[in-house]
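Encoded as C-alpha cells, the structure appears first; notes follow it.
Order of writing sets the chain letters: A, B, C, D and E. Residues in each chain are counted from 1.
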Amino acid sequence: MTTQNVDRRSQEGAPGATDSGPLSLPDPPVKNPGADRSPGDKALSAQPSTWVAWAGVAAFLVLLMGILVSVVTDSFGRAWYAQWLPTEFTASWYAEAWTRFELGHVILVTLVVAISVVALSILIGVPASYALARRQFPFKRAVTALFLLPVIIPPITFGIPLATVMYNFGLGRTVLAVILVNLVPSVPFVIITMTPFIEQINPAIENAARMSGARMRHVFLRILGPILVPGILAAAILVLVRTVGMFELTYLVSGPGTDTLVVSIFRAMTSAGGSEPRPLVSAMAFLYTAMMLVTLIIALRFVNPTQLVARVRDGDDE
Amino acid sequence: MTTATARTKPPRGSASLRHRLADRGIDSQLLFLVPAIVFILALFVYPFAYGFGLTLQPSEETVDRWGGGILANYVRFFGDAFTFESVWLTARLAIPAALFNVLAAIPLAIKLKHRFRGKRLISTLLVLPITLGTVLTAQGLLIFAGRQGWLNQALLNLGIIDQPLELVHNYIGVLLSLIISGFPFAFLLISSYLSGIDPSLDRAARSLGAGWGQRFFRITLPLLAPGLATTFILTFVLAFSVFPSATLVGDPSGSTRVLAVVAYRFFGEQFDYPMASTVAIMMGLAELVVVAIVLLGRSFLYKGSTGGKG
Amino acid sequence: MTTTSAEDFDTIRIENLGRRFGGTTALQGFDLTVERGEFIALLGPSGCGKSTALNCLAGLLPLTDGQIYVGEQRVDVLPPEKRDFGMVFQSYALFPHLTVAKNVAFGLQMRGVSRRETTRRVDDALRLVRLEDQAGKLPGQLSGGQQQRVAIARAIVIEPRVVLMDEPLSNLDAKLRLEMRTEIRRLHQTLGLTTIYVTHDQEEALSLADRLVVLRAGRVQQIGTPQQLHDNPANWHVADFMGYRNLIDATVAGEPDGQGRVRIEADDLSLLGAAVNPVMPGDRVRIAVRPSDLVVHTAALAATSPVNTLEAQVEIVEYQGREYSVEVRTSAGRVLHVRADLAPEVGATVLLSVDPSRALVYQDDLDGIPAVDPAAVVTA
Amino acid sequence: SAPGSGGGSEDEAPAEDVPEAPAEAVALTIFDVAGAQKELGPMIEKWAKDNPEIISGVSFESGDAPSLVGQIKPQVDSGRLEVDLVLTGNDGLSAGIGSELWIPLIESYGDRLGNQENYLEAAAAMQELASGYGVVLSYYPSGPLLQYNPEKVDEVPTTPEELLAWAEEHPGEFGYARPANSGPGRTFLMGLPYMLGDSDPKDPENGWEKTWEFLIELGTHIDTYPSGTGQVISNMADGTWTMIPTTTGWDINPRATGQLPAEFEAAAFEEFTWVTDAHYAVVPTGQSPDKLSAILALLDGILAPEYNAMAYDEGYFYPGPAVEGATLDLAPESSQEVVEEFGRDWYDELIESAPQETPLDPDKMVAAFDRWDREVGSQG
Amino acid sequence: MTTTSAEDFDTIRIENLGRRFGGTTALQGFDLTVERGEFIALLGPSGCGKSTALNCLAGLLPLTDGQIYVGEQRVDVLPPEKRDFGMVFQSYALFPHLTVAKNVAFGLQMRGVSRRETTRRVDDALRLVRLEDQAGKLPGQLSGGQQQRVAIARAIVIEPRVVLMDEPLSNLDAKLRLEMRTEIRRLHQTLGLTTIYVTHDQEEALSLADRLVVLRAGRVQQIGTPQQLHDNPANWHVADFMGYRNLIDATVAGEPDGQGRVRIEADDLSLLGAAVNPVMPGDRVRIAVRPSDLVVHTAALAATSPVNTLEAQVEIVEYQGREYSVEVRTSAGRVLHVRADLAPEVGATVLLSVDPSRALVYQDDLDGIPAVDPAAVVTA
C-alpha cells in the first residue's frame, strides 16, 4: 500500500456498506475498524451524531449502574444514613431474607412456575402460530385479534375476575393457578412472536418433508421443531423473563407457599403497618436480579434476542 | 365425487370433498388452533366477560350518588373529575415514555447495526434492564437518584447543580422507571425491524446521490415506520398499565395517580369491585383508543416487504 | 439402486385437473397420460400454472376438479406423504439443520427402512449425484449446484413412482445449469424414473423431455415431442414461447395452395407462408418465424436473387460466439430478429429471405384465452 | 389446611357444636395484613408450643389490608378456606365485616374469651369498634408524635401552628406518607382535629374544617407524599427530611433495628390526644368447629398477661399488651433491653396523662382518606 | 434525454484496484481503462470478485489498494453519492414504498433538479424503458422484468458518467432475459452511456459488451473483445468459462511446428492442437475444445477419412432445436460433449474430428491461482 493510501484512510472512511453483499457468509472479524467505511465518510467515532448517541447511551448506563450498585450496596449495608457508604457492612440481610421469607422455597416455586409456563405456552402457542402463519381459514382475523387482546389489555383488567374464577374452581393459592394465570398473557405472546417467525420459513421445506413421506407429526418433530429452535428459544426467554417478573396476575392467586419471588418482595415492601427494612428488600431485589441475570446470560449464549421479530442472520455480529 | 347442488358463486369443483374443504382452509391442521382457542376462551374471554358483567352491577352508594341505573359506574367514571383526570395523568406518562423509548432506540439501533469493537457488550448492557424488575428499579432509583442519593451528591459536589434534583417521588421518577424498563424492549424490536430492511436500498440511494439525512428520512424511516408503530404500541401498552413503579417511585396521590392505581384503590381500599372493574375496563378501552389511532395511522403507511434478508 | 416401487404401474392418468384460487383459475382441464419411464416437461411463461399443476399432482394443493390415477389406484384422495412421489423444489428446500446424508436419509427413515439399508441406499444415492465427499456437511455449506444435487438425491432415494421437479435449475448460473441438465438426464435414464419436470426455459425442456406440455394461462396449449413443438407449434402463443421471436401481423392475400402455402401481406412485406390453421383470403393472421430461419443476404450476395424476401435495415448486432444476433427494422418500423454468420454493418440495408415452410401462419387469436396481465402474475 | 364444613355465612356452627377442644391438634394458617406478626407472632407460637394437644403448628403469611377482601372473599364464597385466622387492623376488620367475611366471635363465643375481662381501658374501647367480630390482641396509643434529627432541628414545634411555621421555613424537609398506606400518617391525620379543636373530630366530612385547611396549607411545603412508612423512614435516614410525624412504635423500632440513627429524638405536641390503635384477630366464616375451638382457646390463651406481655417486642407496637398486668418485666429479656435502650422514659407518663381516643370508624376513615386523596394528596 | 454530464471525461482509469476482506483477497491488481461510451462486461464464476469490483467502483466498498480516475478527477476519495455513477443492482433494490415514477425521480430530487424538469426527465426515462403505463404502481406490483426496467430507468435518469450493472438479468426467466438484453444494448447505444456490466453468463457478456474482463479468484485473467475471448482464451480457466466444455489432460508428444501446432497424447487419443502457451515435449497440458468444434462422423460417413480424430461411444443425446447436444465416452472413460446436426444413435460408436487450430493447448496450471472452494461461495 502506498503512503498516499495511508493518508487517505486517516482522513476518511465511514460506516455503510458493512454488509456482506449477496454473500451470506458470516463476516470475518474486522481487524481494522475503518476497513468497512465508504470513502469520503467520517470514521464512526468522528460523526457528531455518534457522539450524541453515545452520550445518551452513557447517561443510560450510568443510571443503570447507579441503580444496580446502590441497591447492592444497600443490601450489604447497615445504618446507611446520609453518608456516601453505609457505616457497617454485613451479609445478614440476605440471611434474614432467606430464612424469614423461605426464599429457597420461593425460588423453587418461581422456577417451577416459570418453567411450566414456558413449556406450556410453547406447546399451546407454537402449533397455533403454525396454523395462523400457514393457513387461511374462516374467521382468521377474529381469531388473530382474540390472541392479540390479552397482550394489549392491562393485566389488571382481566386479572381480578380471573382470580375469582380460579378461587371458584378451588384453585386459589395453588401452583396450578399461578401457572394458569401466567399463561394468559404468555400463550398469546408466543403466538404473536412465533407467527412471523414461522411465516419466514420456506413452506417448501415442510412440503419437501411431506413429499419424503413424513406425516404431520414427523414434520413437526423432526423438521419444523429443530428449525424453529432459535425462535422458540427467543420467545421462551422473553416469556420466562415476563413470568418471573409478572406481579399483577400472580399476586392475585398466589399465597404462602405459592408466592413467586417478585410477589414475596412486594409483600415485604408493602406489608401493612409499614414495611420491612429497606436493606432487606434490597437484598431480595438483588437476589431477583441476580437470578434473572444468570438466566439471561445462559440464554443469550443460545439465542439472539433480535430474532424476536424477524429471523435475521445478524451478519454484523461477531 | 358428490353432485350436491352448488350454492357458492364459483361453480363447485368436481374434486373430492376433502379437497374442497381443504380449499376453504378447513382441514386437520386447524386442530392446532384448538388448544390455544379453548385456553383463551376459558382463561381470558370468560373472566373478562365476568368482569364486564360486574361493571353493570354498581354498588348502591354509587347509584345513589351518581345515578344512571346499571350504568352508574360509567356515569361516575366520567362524572368524577378526580377519577377521570387519571386518564390524562396516565396518558401523560405513557405517551411520552413510549415516544421517547421509540425515538431514542432508532439512532442507537442504527448505530449498532454497524460493526465495531465492543458492540456486543453495549447491546448486552442496553438489554440488561429487562432483568432488573420493577422492584429493583424502583428501589435503586430511590436510593441512587433520591435527594440525598449518589447522583445528587456527586452533581452537588461537582458544582453542576446547587439544589438537589427532584428525580423521584414524582412524574420524572416514574418516567425514568418506564424508560429503564421499556427502552431495552423498544431497542430490541427496532433493531430487528431495521435488520429486516434490505441494505442494498441504502446503497441504491447512495448511488443516486442521497446524503445520510436524505437516506434516513426518505428511505429508512418510511420503511421502518410500520415497525415503529408496532413498537410504539407495545411499549405504550407496557407504560399504560404501569402500576408498581407509579406507587413506588411516583407520586401516586398526585401527578402519577394513573388508572391502574385508581382501579387498585377501588378494588383494595374502597372495596368497590364493580367500580374497580369499570376503571379497569375503561383503562383497557382508553388504551385501545390510542392503539387504534396508531394502527389507523399505520394503515396509511407502506407496509409491504422491506426486502430484508429474512 | 433398484426401482422396485416403480414397477407397480404402467401409466399415470391425470384427468381434467383444475384448480382455482378464489376467482382466478390457475389450472383448468388438464388431461395427460404419462407412461412409466417417460420424461415430461411442463413448459410455459411465468404464472401459467406450471407449479400449480405440479403441486396438485404432489398433493400439496387441494384440487378444485379432476382425478389422478397411478395405474389403477386413485391417488388424488391421498395426502402427499402417502402418494409415494418424489419432489425437487425450485428453492431446493433442503432441511437446513440436517447434514447432507441425513437430508437424503430422511425419506427412508419415514418409511421405516432399517438402519443398514438406509446407510447403503443413502451412500448409493450420494454416489449417483457425486456427493460422496459432502455427506457430512450442512446444506448451508454447499454451493448451489451441490445443493441441487442433494435435493435430487433426496427425491430419488425413496425410489418414488414419479419424480416431480419444479424449475430445479433456475437458481443456478449458466455453466452449472448446463452441467446439471446433463446430470438430470443421466439419472432419469439410469434409474428408469418417471419424471415430470417444470421449466420456463424452452431450451431446457427441449433437451430433456420425451414429451412437452405447453401451458398458457392455466390451459394446455399443446402436447408433443420436442420436435413437434419446435417445428410445429399449435398456435402463435406456443410459437412465441418456442423461440419464434418474429411475430408479424398480416392479412391473407390469397388461397392456400396444395401444400398449405399461402401468400400473406402487410404494409411492408409480402411473403409465402405455411398455414397452420385453415385460413381464408382476408383473414387477419400472425406469421411466426424463428430468427435462425431468416437468412440475411447482404448487398453483395443479393445477386443470387433469393425468393420470399423482405428488405430491412440493420440496427443492432450482437456477437453470440459463432454467430451474430441481429436486430433489423423494416421500412414500416417493424423490428425483426435475425441470425447471421457474418456481422452485417449497422445501418446497412439487407435482404432477408425465409423458406415458406418455416414461416408459420396462424389465425390471429384462435384460442380466445385473454392475454395474461404480466403484472398480475408475478409470483413470490 | 382443609376447608370448613360446607361454607357460606348462613350455616354458622352453633356455639354448642363447637367442642371445648379439637379432636386432635390442628395446624393453623394465620394471615397477617397488619404487620402484627412482629409483636403477636412470638406469643402465638409460644402458646401453641405450650399447648401441643390443641395446636400442632402455625404458619404465617402476610399481605396488606387492601388486598384482604380480594384474598379472603373468594375463599369464603367457594367454601374452601386456605386461611384460618386473620390478624388485622381496623381497616381490614371492617372491610371484612362489610363483605360478611368474619364469624361474629364475641356474639357467638364470647363466653370462651374470658381474658377479655382484663382489657386495659383503651383496649376495651378498641374492642368496641370490632362490632363483635374481632378480638383485640394488642393495643398501643400510637401518636401523633414528632420525630426529628436533633442535629438539624433546634426548636421543636409544640403545636400544629408551630409545625406549620417550621415547615414553611424548611420547605421539603417535613413530610408524611399517604395516610391510607401508613400508620403514622393516619395517626397524624386523626390526631389533628383534636389539637386544632375541630368541631367533630370523628366526622371527617363535616367536622374537620380546620384540619383540612391546615393540611392543605401544610401541603404547600411538602414535596411528596410517599406511599408507605418505609419510604418515610428512608427519607429520614438519608437526610432528605428532618422531621416527620410518628408514633411510639415507629419512633422506637426503626432506631432499634438500625434503620434510623439512635440519636434521633421524638417529641410530643403540647396538648394532644392519643389516637389509639389495635390489632385484631378475626376468623373467616365457614371455619370448621374443630379449628374454631382451637382458635378460641388460642385467642383466650394469649390474652393472659404472661403471653400478652410479649407484645412489647422490639418496641414496634409500644407498649403493645392489651391486658392489665402484662408489664415489661414479664416480657422476654431481649424486649426489655430494646425498650430500655431505645424507649423514651417520658412515654409511660404521657400515656397516663394525655387523653386517648379511638380511631375513626372504618367507613369514615375511607371517607377521610378519599378526601385527603382528593384535596391534599393530589396537590402534592 | 441529453447526456451532458457524460461529456466531461474521456476515460475512466482503474489502477491496481484491490480489496481484502479480513484474510481473503476478493480482488487484486485490477487495472482497466474504459473509454467513454464503451460497454465493458466483467465476467467470471460466482465468488470471483465481480461484485466486489463493481462496489469498489461505486464507492460502496472501501478500497484496500488502488485509485480510480474519471478523466483527470480522482474519484476513489469521494463517497458514493458524490461520484455521479448510476448503479443497477442484482436484486433491483427498488424503494418498495415509492411508486415507479418516484423511484425514478429519486436521484433527480437528490440533485435538486426542479420539479418540472424532474417530471419531464422521469417521463422520458420511463418511455425509454417502456413503462409509461406503470408510473403510478408500486414496485411490488410489477413483474420481474418490469422491476428490472425501473431499476435501469432509475440509474440512467440521472445521466450518470458511468452506469454500473450487477447481474441485472440473473433473476429473470429465459425469454425475458433475452428481451432485456436487447433493451440494455439499445439504451446503451441510444444514450451513449458508459457501462460496466457484471455477469456470470458468458453468452450475455459476449452479446452485449465491447470488451470483456474475465476474473477468477479476484484476479484479471484476460481482457479483450468478445471475439478474442471467444476464440483465444488466455488460459484454460478462461477457456472453460467461455464454453470450451471439453478439457482434456494430456502430454505433449512432439515439438510445435511453425504454426504453433503440436501433437499431444493421452491414453485414448492423439491429436494435433494449437499451443497457446509455449510448450515443450513431455509437458503436462490441458486441451480445450468447444463442443461445436468436435465434428461427429457416424460410421457411414467415416469413409471420408477425416483427420485429427478420436473414437467414442454415444451416451446421451439431447435435442436442442436445430441441433443435438451429444455426450460421448472414449474408450478410457473420458466424457466429451459434442454438437451434431443429426441425432446419432445412443450406443453407436462415432468418430470425432477437430480442426487442430480449434484444439487449444494450455500449460496445465499457468497462473497458479488455487481453485476456489465452491462451498465457500454459495450465494444467498
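The working rule: a contact is a pair of C-beta atoms (placed from the backbone, for glycine too) under 8 Å apart; a residue touches a chain by one contact, two chains touch by 3 or more.
Source: prediction; values computed, not measured.
Trainee: Which chains contact both chain B and chain C?
Mentor: A, E
Trainee: Measuring from CA centroids, which chain ends up nearest the centre of the complete protein set?
Mentor: Given all protein C-alpha atoms shown, the central chain works out to be A.
Trainee: Counting only C-beta pairs in contact, which pair of chains has the most of them?
Mentor: A-B
Trainee: Could you state the distance in Å from the CA-based centre of chain B to that of chain D?
Mentor: About 40 Å, centre to centre.
Trainee: I'd like the Å distance between the centres of chain A and chain C, where a centre is the mean of that chain's Cα atoms.
Mentor: Computed value for the inter-centroid distance: 51 Å.
Trainee: Between chain C and chain D, what's the gap in Å when you average each chain's C-alpha atoms?
Mentor: Centre separation, chain C to chain D: 90 Å.
Trainee: What parts of chain E, by residue number, touch at least two of the other chains?
Mentor: Each of 59-60, 79-80, 82, 91, 377-380 in chain E touches at least two other chains.
Trainee: Among the residues of chain D, which are close enough to touch at least two other chains?
Mentor: Only 64, 67, 70, 234, 238-239 qualify.
Trainee: Chain B: which residues touch two or more other chains?
Mentor: Within chain B, residues 143, 148-149, 200, 203, 206, 248, 264, 267, 309 contact more than one other chain.
Trainee: Going by the contact rule at the top, pick out the chain E residues touching chain C in the complex.
Mentor: Within the complex, chain E touches chain C at residues 45-46, 134, 137, 141-146, 170, 173-175, 178, 181-182, 185-186, 189, 200-204, 206-208, 226-227, 230, 241, 243, 245, 292, 316, 318-322, 325, 327, 374-375, 377-379.
Trainee: Spell out the part of chain A that touches chain D in their complex, as residue ranges.
Mentor: So the residues of chain A in touch with chain D come to 78-82, 160, 163-164, 166-170, 172-173, 251-252, 255-256, 267, 269-278, 281.
Trainee: What residues on chain B touch chain A, complex-wise?
Mentor: The contact residues of chain B facing chain A are 24-26, 28-30, 32-33, 35-37, 39-40, 43-48, 50-51, 54, 104, 107-108, 111, 113-117, 119-120, 122, 124-137, 139-141, 143-145, 148-151, 153, 176, 180, 183, 188-189, 191-193, 195-196, 199-200, 202-203, 206, 227, 233, 237, 240-241, 243-244, 248, 260, 263-264, 267, 273, 276-277, 280-281, 283-284, 287-288, 291, 308-310.
Trainee: List the residues on chain A that touch chain B in their complex, please.
Mentor: Listed in rising order, the residues are 15-19, 24, 27, 30, 33, 36, 38, 44, 49-50, 52-54, 56-57, 60-61, 63-64, 66-71, 73-74, 82, 84, 123-125, 127-128, 130-132, 134-138, 140, 143, 146-147, 149-158, 160-162, 164-165, 180-181, 183-184, 187-188, 191, 200, 216, 241, 244-245, 247-248, 262, 265-266, 269, 278, 281-282, 284-286, 288-289, 292-293, 295-296, 300, 305-314, 316-318.
Trainee: Can you tell me which positions in chain D touch chain B when the two form their complex?
Mentor: Answer in residue numbers: 64, 66-67, 69-70, 95, 98-99, 172, 178, 180, 223-227, 231, 234-235, 238-240, 366, 369-370, 373-374, 376-380.
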